[in-house]
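Chain naming follows the written order as A, B, C and D, and within any one chain the residues start at number 1.
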């Protein structure tokens, strides 16, 4: 992330980073470290503590020709900006008859599993994905985190990038140096297989990989990493479903109207003849994200994924 | 609505109505007319113009023993209150280990088709349905509007009631007098049929009825009026799918992650062996709700529903 | 630097009331400018009065009346340069007219026709903001962004007394102050938010007092005195241009017309007070002032009114002559590649519907804005 | 009635500094009360210092330090009656101790264990509010609701300087003023919001100035002077009880510890200033005051400290003795009928996982609160 921001601010001097504690402190996950020193306090702005104000002023900054990259300090602290997002960010281009662009990027640490107090663990992608006029990307690897963020910043439309916290902490992976752009709208087959497809995104991709490894003796498992939830790479999803005929979707967010529902609905409409069994979802529950001593039971686990896969294989 | 409020305020003196223009003016759709005169300005409160403040103070009112009924003036003006809804309203009971109740009701005029300026036409149910700790009801008839609102007010949990604007204007239907409660969590079979099921809620039920009438010569169409989106009456949904094997879902909201996706996902998981064809969705589009001269093209139309039904019947 | 603390209490006034209250002198404003202001006032008044008629005739939809708000709009805009940006609420829907926007565009907006779209950059007038107060941060961001970019542009955001209760007003005002954004926060205090009176909206003694909490000057002006509004805004603009940050202007008057065409204020308002206020109507007041100065002749007044009427006649004719909006517009501007992204949806729609016909405002009870 | 306009500028102080600055007299406070305040201060200080140690030992998770914030918390709470409600932020996580809440409850909260739940009605202490400023409307609503119900109860909401930028603070404060809610808005102005200094948060000369815009009195007090805090809050409580509505209290000091255990302030703070501030530490300051008055002996001090240490020893032991949380708690309290509604999910979980084991704070970089 940090790398992508350095590259993008360097390459386009209309890019500007703003948010709470992004400047002096470099962000609570250090995503913006060094930017203020390198580009000055006007291009890496410590804002007042007001998320709706951050996104609302970003709309105005776009109208003044800037490409603001807004950080929300945590997933659940992005909720105050939903009003601006839904009423303005997603509609303003439309409202101007396409006359103006709103190339704002909204990024935030995302998801659970980090032993934090409440409201530091949410997976709010549904609120974003459901909002017209907005695009949504969720990387599952450090390289994609860099590449998707770069693509988001360069995109002419508003893009929300949700960065799984587990990536910040994950093992250091090789990240391509310099410019690295992963185009929006293209899924990644993270693992090839022929018997069953696990569809996942964000931190759930690594979980799917471990589940697939656990199933290695029983089935050849394919993993589709969605990467961009909107626009979705529907072809990649349908291709994998056509190949395996069995799909389990893994999602960390609460179940009802989660993104997994959309994936399942697409399959129920467009892959019905390919399916050899039900489309199963392994998801977070429709309850508040719990205190961390029981968060592992809330989150989709390898056991739950394996169990669902077995059910489907035996169907 | 107005009737239900009169009855509930009469029956339980901890019920209190609050919102913008609900008192002196009786609400922009007259839903609260007469309440201020009858129950005084303390039980039918004209609040400052601040939706987050309305819902936030309602949380505190619950803690003080009240059962607040909050009106949001229009669907799209409820977005400022999403932060309070997601971070507090849906979590506070959990946070107190079940020690305290938050029996708040949030009601608002809902949906499009009324030739209004922008942001008076939204169908935001996904934002509500996806939020843990919250229940959601959407009536499709005046009688249900009364009965579901009464149930919502009496429910110990937070309930969002979305009231289709087209009902306010609809033909005067007989509404049961006095106490009338439609329990949450029970769907209604609005029309019996055997070849195909239309699943709908809100203003889409009437549309489905017209589409079913149009299909009368071709197929026997069943209509399931969902009524309560959360908790969903899954049995009723699955029973109808089992009976007809063909399901078309009609939803006014934008497609991606709309409630139709959840319904389709449930069918793809639990009715896969019953389905004789794909699960089809007829929905609003993933674009901003348009200017009203073209809103009819945005909204699901009889033609689109009939077309989908025919496709499925011919599948 | 202007005072920041405390905010003003007295209402600034320039225009007097004949002999009893003398006019105050206003520096640096010549005859041409005075007439230009008059032209703006008359144009807005004509727009508003005609719109109410058009609404009654079913030619436009629900409409937010701004009768007697013209002095604020004309006075404030007159203090701006062309490169300065205006952020209107629904109450200032026609303010683009003062920047050369065709009346047909605004009328189309109220007709629910996409011809009501405009590109804000063409007029430096942002889109009409419907959700209360949410455009205040936009204006703050634009002003801040222009300053960052080294461009000399000021922004003004119009909003009502009710809007000051919204979190977005608060956050936008604070951002503007912190960023020293060249912004004028222009509060149209008409003392009502639909049916909610000011004393149910705030306990502040004056709305200008809110400025203190943001560390910016708070100014109070008679909202029916176009010259006082102009002068106060001119001062605020000068401060903004000088890099001294935002100013809050509270323009005080009293809403003497319904909130909008769908509103029936009789159930909540004091009709006598309204009658009184209608007497203090701002266009006639300015006209009497000009006549006292001797700079407005009957012929001039006649001509200006005639021009405005003609503008409206042309405007409604053009708006009504707009071809039915194509359904492709549903998709075209949602995203940069909307037409491509929604190609299949559009194809399906075309297959099912053929063309589209223009839709007229519905019968049935009207929807409140 | 207290003044509403303008807000105060001077910081109120009671405790002096030995000879150079004499102590001011405080009416109506006897020796017992003075010692009670001391006990509260020592309890909070001990809680905080032990918590930092427990965190380092991996016995609690991320923790928001409140070192040198004790005078505000103890002083303000001391001005309340038992029926009055407290709305804490994460910074006042242990404030329930002053209402008899076991230390183990609060420690469990920081251990991510559901034993950290409490029923607010048991202590009249609301749940710890994590999202900044969002509890201000709750406190306003509770206070308003109690008043409506004819109950004599006041509420106090604690929040920081940064919180004043949030829309929810604004909306809550305004509601309280309009409803004349018996509320104290207590702003802990430690001049930092994590790494963001006050001058990047607001241009207001003082935060108390914000009170003016809500039409309520704004009071400024030395946040390290427990008696000044007590006195100012007592006054505000009296106003509230008398039906005169809310008061905004700005307690000024300077954050002399990291924001939380995960924070490294060295990258942004002036360490010399911090060192200086640490000298003006509030517990010792009060202790010296008591000794000047001659109401605190060495033995008493020793005993009070010993009791506090014992409370913490017992607290952590109890918290660590909590049985592993049952996964049923995932579902049980989400809805009134949670256990029923989620029966199948729970059954599946039980089938797959058997029991649960307690989870300890992770390795790896710590998460900021």
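Note that in this section a contact is a pair of C-beta atoms (placed from the backbone, for glycine too) under 8 Å apart; a residue touches a chain by one contact, two chains touch by 3 or more.
Everything numeric in this text was worked out from a predicted model, so none of it was measured.
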>> If you apply the touch rule, which chains end up adjacent to both subunit B and subunit D?
In response: A, C
> Among all the other chains, which ones are in touch with both subunit A and subunit D?
Replying inline: B, C
>> Among the chains here, which has the CA centroid at the largest distance from subunit D's centroid?
In response: C
>> I'd like to verify one number: the distance from the centre of subunit A to the centre of subunit B, where each centre is the average of its C-alpha atoms, in whole angstrom.
In response: 29
> What whole-number Å value describes the gap between the mean CA coordinates of subunit A and subunit C?
Replying inline: 40
>> Averaging over Cα atoms per chain, report the distance between subunit C and subunit D in Å.
In response: 44
>> For subunit B versus subunit C, what separation do you get between their C-alpha means, in angstrom?
In response: 35
> Which subunit C residues reach two or more other chains?
Replying inline: 114, 130-131, 165-168, 171, 174, 178, 200-202, 334, 338
> What residues in subunit A touch two or more of the other chains?
Replying inline: 47-48, 50, 52-53, 76, 79-80, 83, 87, 94-95, 118-119, 132-133, 285-288
> Can the chain contact pattern be summarised as a line, a ring, a star, a complete graph, or none of these (other)?
Replying inline: complete
>> With touch defined as at the start, can you tell me which subunit B residues reach subunit A in the complex?
In response: 52, 76, 79-80, 82-83, 86-87, 90-91, 94-95, 118-119, 124, 126-127, 129-133, 230, 253-254, 256-262, 264-265, 267-270, 272, 275, 277-281, 285-288
> Can you name the residues of subunit C that touch subunit B in the complex?
Replying inline: 61-62, 90, 109-114, 116, 130-133, 162-163, 165-168, 193-196, 200-202, 262, 267-268, 324-327, 329-331, 334, 338, 342, 345, 348-349, 352-353, 356, 358-359, 361-362, 364-365, 367-369
>> Going by the contact rule set out above, which residues of subunit D touch subunit C in the complex?
In response: 4-7, 165-171, 174, 177-178, 180, 200-205, 209-216, 245
> What residues on subunit A touch subunit C, complex-wise?
Replying inline: 16, 42, 47-48, 50, 52-53, 55-66, 80, 83-84, 87-88, 92-101, 132-133, 135, 155-157, 231
> Tell me, which parts of subunit D touch subunit B in their complex?
Replying inline: 85, 114, 117-122, 126-127, 130-131, 134, 136-146, 148-149, 151, 155, 167-168, 171-172, 174-175, 178-179, 332-336, 338, 341
